[in-house]
């Protein structure tokens, strides 16, 4: 098993079509998306309504891409959108494919 | 309770559930399904009745005029928001776009109001609905950014013209038109007679969502609350006059006024969130959903109807 | 197949699919939507027919009596569970609350059973349904904890009175009442004529869910299985007698017996899970959904009807 | 637009939305709900009309023959795929299974096409639908693996016979049969009159999904596109001849040809994904959903109808 | 990037209204919720029915709050409810906001 | 708090009935499942349709079981199915129950 990075982005559902090309442009080869609700500085987002729904995106990638994703996402979107990003070290088989 | 339609009762029930912090909620999936149904039903109805019109070409001019004049709402709203309300430029532009666009459900409640009173209206108003949705969105972006200032116009055009509300309305209008009332008659039970039933469920959900938006009102403040009542009434006056000038029936002019007075809370918020990212969505949603939508349902529509009746009686 | 209604067939189909481990499943969202619809439809119907009652005030007394007497079920069930069944106090209290409350779907199947036979019933029974839902929940908590022993009564009251079943029933009852049959006539197609169709889908889903609850029955054991048949029948006898004493029609007494006999599996489990956390939900759900619900559908309702007919014939 | 049914218009609208990359989407939950509804409605209708047949036993022979002959499609398709198309064994077997099985929605559109023209058909064709679903799935696995080569036949049998399509069709057929038209008459509004409305929504969603599958067509290549048109037409010819030989009416033979020509995209993909894991699902779905489904809707059904009319006129 | 904690709670859907105030009381500034199904000691929870559904809550917070959340949630709910809690080290930008 | 492993499997929804027995056979005592969509080598999986939906399964388990799960899942399914597996170190209370 080799160590790579998992980057998780939680953001407004409205960002979905904008953020996915961004991830690929930063070098991600894939991602996994779950629907979510939540609460943060901008109050409750209860997902009862598409404008109050969040998504949670996970990307497995190498450290370089991870750094680029965190940077881009943060710079481009965190001023105007509800958004949280974090990174974790994980172990995978065949790390080369990510 | 002859003044209001039972669909308004369902909205009130949803509001009450929200304010009581009940665990009643309509899932996002259900609300999406219901709004899909409503859009298709409205489009189909318009298309089927368009098929009965002898010369559809003759409708182009009144539609073009009504659409053109609808630009009055955002162009009036923007300076009011910016200079009277002291709002930031992106916020003023985004809110102006919401008020310039239209609310499909307010329109649906308007038609329900009229048919509950046996008042007819010109069928091509559903066609109008389609064309009133998007111009304000483009005006909003122009107001926010000026021309050529790095807006991704291709993306915006794509967002606006392929948004699901437009696609469903235009597409089902075309289906209704192509097949006409006979060809599509097996659909009138589903999309016609059941319309009001599905609308009650949607209104229930809107009530719950609106109650949740009341918190946004606090951040919106007193100015926006007043704005959310005054601007629709002024826009409705414009709608009444244009309806009268175009020679619409009483029902038609009432619906046109209702459309002008209504503020979008489906197409506009989604488009503005991407196109004007630095606008605060709590302000536009607080005003359009928290103030204008309930105002139009409860007081606006009967008021616009009364205005039309007064004008038509006065003008003979 | 004149003895049973086709909706029972759909329940059986769901059961079969579950036991065969089919991949058939109704999503949680669909089940929520269907139960929302059923609650609104039942409330509206009750309200519309209440609007036709000359003196609604005269209903207060029979409703009060029927609700008061319904406390008999949990007060009978609790000692049986505790001392005959040897169950722990929280479990006995929680199960007693489930059986004291009522099942909206069993009620709906009861009305379907009656109308399939052309038997009328008093319209205010849907009103009663509302008031039978919650007293048992409070009794259950009292049985579990005694008075004043650190229960968060405010939270419990909130849970109980703003639960979605109560809010929807009360709200749509009010809408039906305020607008009456005429005002809301455009809704009778959706909420009236389609009722049975939507009920079949819900019953299909209930069958699948019930099959999954059969595993819980093993943890419940033989005592609870017997309990889930005997207590409803005894409660139904009480319902028959009270219905007769209140002067209800044959249909009305059958429905009252059905309500008394039915056990809640929507409002009660949710409320008890929070109010009596140390009760094991597998026991209450295994009994109420695994035993009593199918028993009432298949055998109970016809039995209670027969009991009423026997009594009314015997009593002249 | 007399040639096509409005439901085809909704499919085209969905396709258009997909190609325009609109944000219109029907949630997975909604599509599941709609397909549940369609399966129950088709089963119920078949069952109710079976209840009117004097001697249901007499149907066994024609059903058995039609099912047996349906094995022709996969046995014809497999060598074509393998030797003309040069496909790998698992891919050829999986695609053959898809084409040997049937599409419930193509069947539904076929019945809509016929009833739009006032053409009757034998009611037991819905029964046939059930029996045409699964044999091809077993043939497909046999083609992929031979006999006894380590296939988990028990799991496969379970997958096939308890798949939700089969369970719902068989179950609702049984319900319709047991209760007959009278007992289940309260359901004909919901499952009969509303059928076409629900079908339009499903077709809209199918259009969106089909548009998304067009990308798969590229990986499928020209051979599979041709295959997806030629094989259905050949199978339909077989269906026409067998229908004629069995003495079916014009409507009945058209529907049988439609069934033979249709390719599964619900039961087969799910079963093949597990039973033949090394088959590439993009190939089978690209062909069945991207080519054959739209071909049958737009051109196939009218063509098969014309073929039947020609044969029946020619044969006197 | 700074290190903070991610605490994940998987529990019965019925606990949602009870557990969220608890998280905020323990010092969480936000959380993200996904619907889930699952299996554990108490058998299968297939989410076909609100009483058999789970939720998965993630909280980004500092180590102190993390400890408090794990403790409270564990003490208050694990005896009576199906529940699983775990914590992971993650990296974020501007850790101060959590 | 003790350290154990969290194994996450993202795969096609169609694998759900096949993969769950596999996890239990490898020694898992439970798992949590969320619905997901995603993108990877096999293109977009948009979850609009059961055949294009993914699931995301998390399993808390000891290192030995984790190794076995990653191995089995990888060997049995990665050739024929869209699939991603990774493992993370997490902290839990009462690690013995997993």
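For reference, chains read A, B, C, D, E and F in written order, and residue numbers begin at 1 within each chain.
Rule of thumb we're sticking to: a contact is a pair of C-beta atoms (placed from the backbone, for glycine too) under 8 Å apart; a residue touches a chain by one contact, two chains touch by 3 or more.
Small disclaimer: the values here were computed from a predicted structure and weren't measured.
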- Message: Give me the step distance from chain A to chain E, shortest route via touching chains only.
- Response: 1
- Message: Measuring between Cα centroids, what's the chain most distant from chain B?
- Response: F
- On C-alpha atoms only, rotate chain C onto chain D and read off the angle in steps of 5 degrees. 120
- Chain of greatest Cα-centre distance to chain C: A
- When A-F and C-E are ranked by contacting C-beta pairs, first place goes to A-F
- Query: What is the distance, in whole Å, between the centres of chain A and chain D, each centre taken as the mean of its C-alpha atoms?
  - Reply: 40
- Query: Where the centres are mean C-alpha positions, what is the separation of chain D from chain F, in Å?
  - Reply: 34
- chain E and chain F have mean C-alpha positions lying a whole-number Å distance apart equal to 19
- Going by residue number, chain F touches two or more other chains at 17, 34-35, 88
- Note on the structure: Shared-interface residues of chain B (touching two or more other chains) are 23, 25-27, 29, 32, 194, 270
- Listing of all chain pairs that touch each other, if any do: A-B, A-E, A-F, B-C, B-D, C-D, C-E, D-F, E-F
- Residues on chain C engaged by chain D in the complex (per definition of touch): 1-2, 6, 9-10, 13, 16-17, 20-27, 29-30, 116, 193-194, 196-198, 200-201, 204
- chain E touches which residues of chain A in the complex? 10, 34-41, 54, 56, 70, 74, 84-88
- Task: Please give the residue numbers of chain A that touch chain B in the complex, ascending.
- Result: 12, 14, 17-18, 42-44, 46-53, 77, 79-81
- Sites on chain B touched by chain D in the complex: 29, 32-33, 36-37, 40, 158, 162-164, 167-168, 171-172, 174-175, 178-179, 183-184, 186-187, 189-191, 194, 270
- Note on the structure: chain E contacts chain A in the complex at 1, 4, 6, 20, 29-35, 58, 60, 88-93, 97
